[in-house]
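These are the structures, in structure tokens.
Next come two complexes, and both contain chain A; in the first it sits with chain B, in the second with chain C.
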Partner chain A sequence: MPDQEKKPVDTAAIASMLKKKEPEMKRVLNYCLRCSICAESCFLYMAHDGDPQYMPSYKVINSLGKLYKKKGNVDREFLEGIKGLVWRNCVLCHRCYCPIGIDIPRMIDFTRSICRSEGVYPEQDGGESWL
Partner chain B sequence: MSDIYGLVRGPLAVVAILVFVVGIIYQARQFFSLTRERPVVLPPASVLGKVGQSSGPSLNAINNSILGVHPYLTVITSIVHACLVLVPIFLLAHNVLLYESLGFNLFAFPEPVSDAFTLIVILGGVFFFLRRILVRRVRVITTFYDYFILLIVVAPFLTGYLATHQWFDYQTMLIVHILAGEVMLVAIPFTKLKHGLLFFLYRYLMHYEHSLGSGTRVWSYSKLAK
Partner chain C sequence: MIIAERKPLDEIKDMVRGYKRVLNVGCGGCTSICLAGGQKEVNTLNADLKKALGAEDVHLEIDGFVIERQCNYDFFEALDEKAGNYDAILSMACGVGVQFVAERYPETPVFPALNTVFCGADRDIGWFEESCRTCGECVLAETGGICPVTRCAKGLFNGPCGGTRLDGTCEVDKDTPCAWYEIYKRLKAQGRLENILKIKPPRQWENQTRRSLVQEDYKQRYIG
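== the complex of A and B ==
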């Protein structure tokens, strides 16, 4: 995606996407008790010897949480930075389990949509290895 | 000092209770306003009655549940939460105040029982505090706000225990205790503490993979877009 990489991020478009889902997102992000109980429900967390970066709550807090905190005012580097969290560290298998009922995969899915709208997504051939 | 006591026990207490009740109603109303009933899609009549049949809770399901994965944490957190809710409602001193103010009272725990339950909440607070500091995966997602919330929860119980046993100046400790309780009441609907209410709404009513109840509601995007 050479053209996309050079293109500046459309922060207004991201802010608009965030605004659209704000009531749900705000509740989910403010509601997370950061208890880490969701950790073991992620097979990637278990497969990576308990690396917290694979913990479902960590992925949401450090991707969508940061995007929301910055109100969408992010650059391409930021989106490239969270790309790994929402694609490599999560396969959207929907098996993660929040004791208080946060639908974590929906939040990851939404973060992917934001990244994708700016042309940030894993390359299918070539590019970096996800393993 | 008695003026301050009168203020915190009188008008401030009324304001705190009102904010708590109105806040809880507001949160519940918001939940129902921002979600809608999901149309139920039934399987074809030919297979209806044959799908979704369960042979009851399996050992595998229990092993994969939070209880199975975190047995000690589940037991500790359940007991602490139960004590957290029961102590303020069924404390003898609170019921005496209730009787003096409104002319009725609820059942009250014997004082040694209240003392024990209060200690459980305080020790639970210490446990959760240490867990946030010592367990890496909890530490990496913990913010100052999480410690602050923990303090809001533990403060009324700690000050109440100290006041009951008159370890410091009783009058001062009592005022601090009432204030701490009022702060907690006001904080419940507007901070993470609202999970006391939203837990039931999210886990039982929202449609998602791990719904405990009917799970018939979804977020209403037409309303969210406004």
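== the complex of A and C ==
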């Protein structure tokens, strides 16, 4: 595992993880009406003056949504690219509100699992800035 | 944030000795941030255990896995699928997480790989300081934002005691500032010295039973 960062991404493993939850995850991704009501329930969105990158729906659509769109066929750069969205931009506080009941934290959690399975996770020892 | 540190390797080794398949579960919450129980630390501990037990000719099959929180069952789904495949689980969460994992899988022995040390703040990378004892009777309003329970060696609610040295340090340790002298200086600078004269009643330490909290707005939901 420690050398995992240097290995190519196991796209088959990611596809398998995605497949396992596809019926549920694709359904909720399709349910999202882009109504943006979730935005103001996110304290990070509010604290960042309404920066859309902190909007709960944005975070999910641009991470898990893209993973499904690409059927898991992504490279390390892609996973590193969504890392900020699912870690820095979300603390998994479970306070986001969706009027049609989409469990947004569950989707972020799943996206983090996919990243972790490929050795992509935040460095907490000052290796990167989250600010 | 909850701060923890890894237990000595020998102690962890003794816990898992005798089990063939062990799952080491990291936590993506506080113990990741305090560099004690995140994904990197899971990998390191597994390598250390394999090496140490290997030197004793003990074969241990150990896998690592991280869930985002061990203190919230909402994040246990992926672990549920794995837990049954192992003889024992090591948890790299705080004591809260370890107990939650043990409660979730009551048939599987669950061992703590960390010592949960305190609630604290980040001074710098890898440097944490205790700031709160979660006593449940916060007096910071009257003590200039300096916690006497945490920072006074005697945890005095009404201080200082007679043990403050002339240079403002504590009689218990010459490198530790007297919390009540610090409180005095802070209140004086803010023109609020009258606060220090208020006598606070003794804390009811005997009531240290397990605490549970339901926020006011949720009482209808859980209590009725």
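In this text, the second predicted complex is superposed on the first by the 129 of 131 C-alpha atoms of A that agree within 3 Å, B and C clash if a C-alpha of one lies under 4 Å from a C-alpha of the other, contacts with A are read in each partner's own complex, and residues count from 1 in each chain.
Methods note: a contact is a pair of C-beta atoms (placed from the backbone, for glycine too) under 8 Å apart; a residue touches a chain by one contact, two chains touch by 3 or more.
Predicted, not measured: the structure shown is a model, and the values here were computed from it.
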For this session: Could you tell me if A:Leu92 is touching chain B, chain C, both of them or neither one (first, second, both, neither)?
Result: second
For this session: Return first, second, both or neither, reflecting whether A:Ala39 touches chain B, chain C, both chains, or no partner chain.
Result: first
For this session: Quick one: classify A:Ile100 as touching chain B (first), chain C (second), both or neither.
Result: first
Exercise. Touching A:Tyr31, do we find chain B (first), chain C (second), both, or neither?
Worked result: first
Problem set entry | Touching partner for A:Arg112 - first (chain B), second (chain C), both, neither | second
For this session: Look at A:Tyr121 in the shared chain and tell me whether it touches chain B only, chain C only, both, or neither; answer first, second, both or neither.
Result: second
For this session: Pick one for A:Gly50: touches chain B only (first), chain C only (second), both, or neither.
Result: first
For this session: Identify the partner contact of A:Lys7: answer first if only chain B is touched, second if only chain C is, both if each is, neither if none is.
Result: neither
Exercise. Considering each complex separately, which residues of chain A are in contact with chain B in the first and with chain C in the second?
Worked result: 94, 105-106
Exercise. In their shared complex, at which residues does chain A touch chain C?
Worked result: 1-2, 92, 94, 105-106, 109, 112-113, 116, 119, 121-126
Exercise. Within the complex, which stretch of chain A touches chain B?
Worked result: 20-24, 27, 30-37, 39-41, 50, 52, 55, 57-58, 61, 94-95, 97-103, 105-106
Problem set entry | Residue numbers on chain C that touch chain A, as the complex places them | 28, 32-35, 38-40, 43-44, 46-47, 64, 66, 68-69, 72, 74-75, 78, 125-126
Problem set entry | chain A-touching residues of chain B, taken from the complex the two chains share | 30, 34, 66, 69-70, 73, 135-138, 140-143, 146, 192, 194-195, 198-199, 201-203, 206, 208-211, 219, 221, 223-225
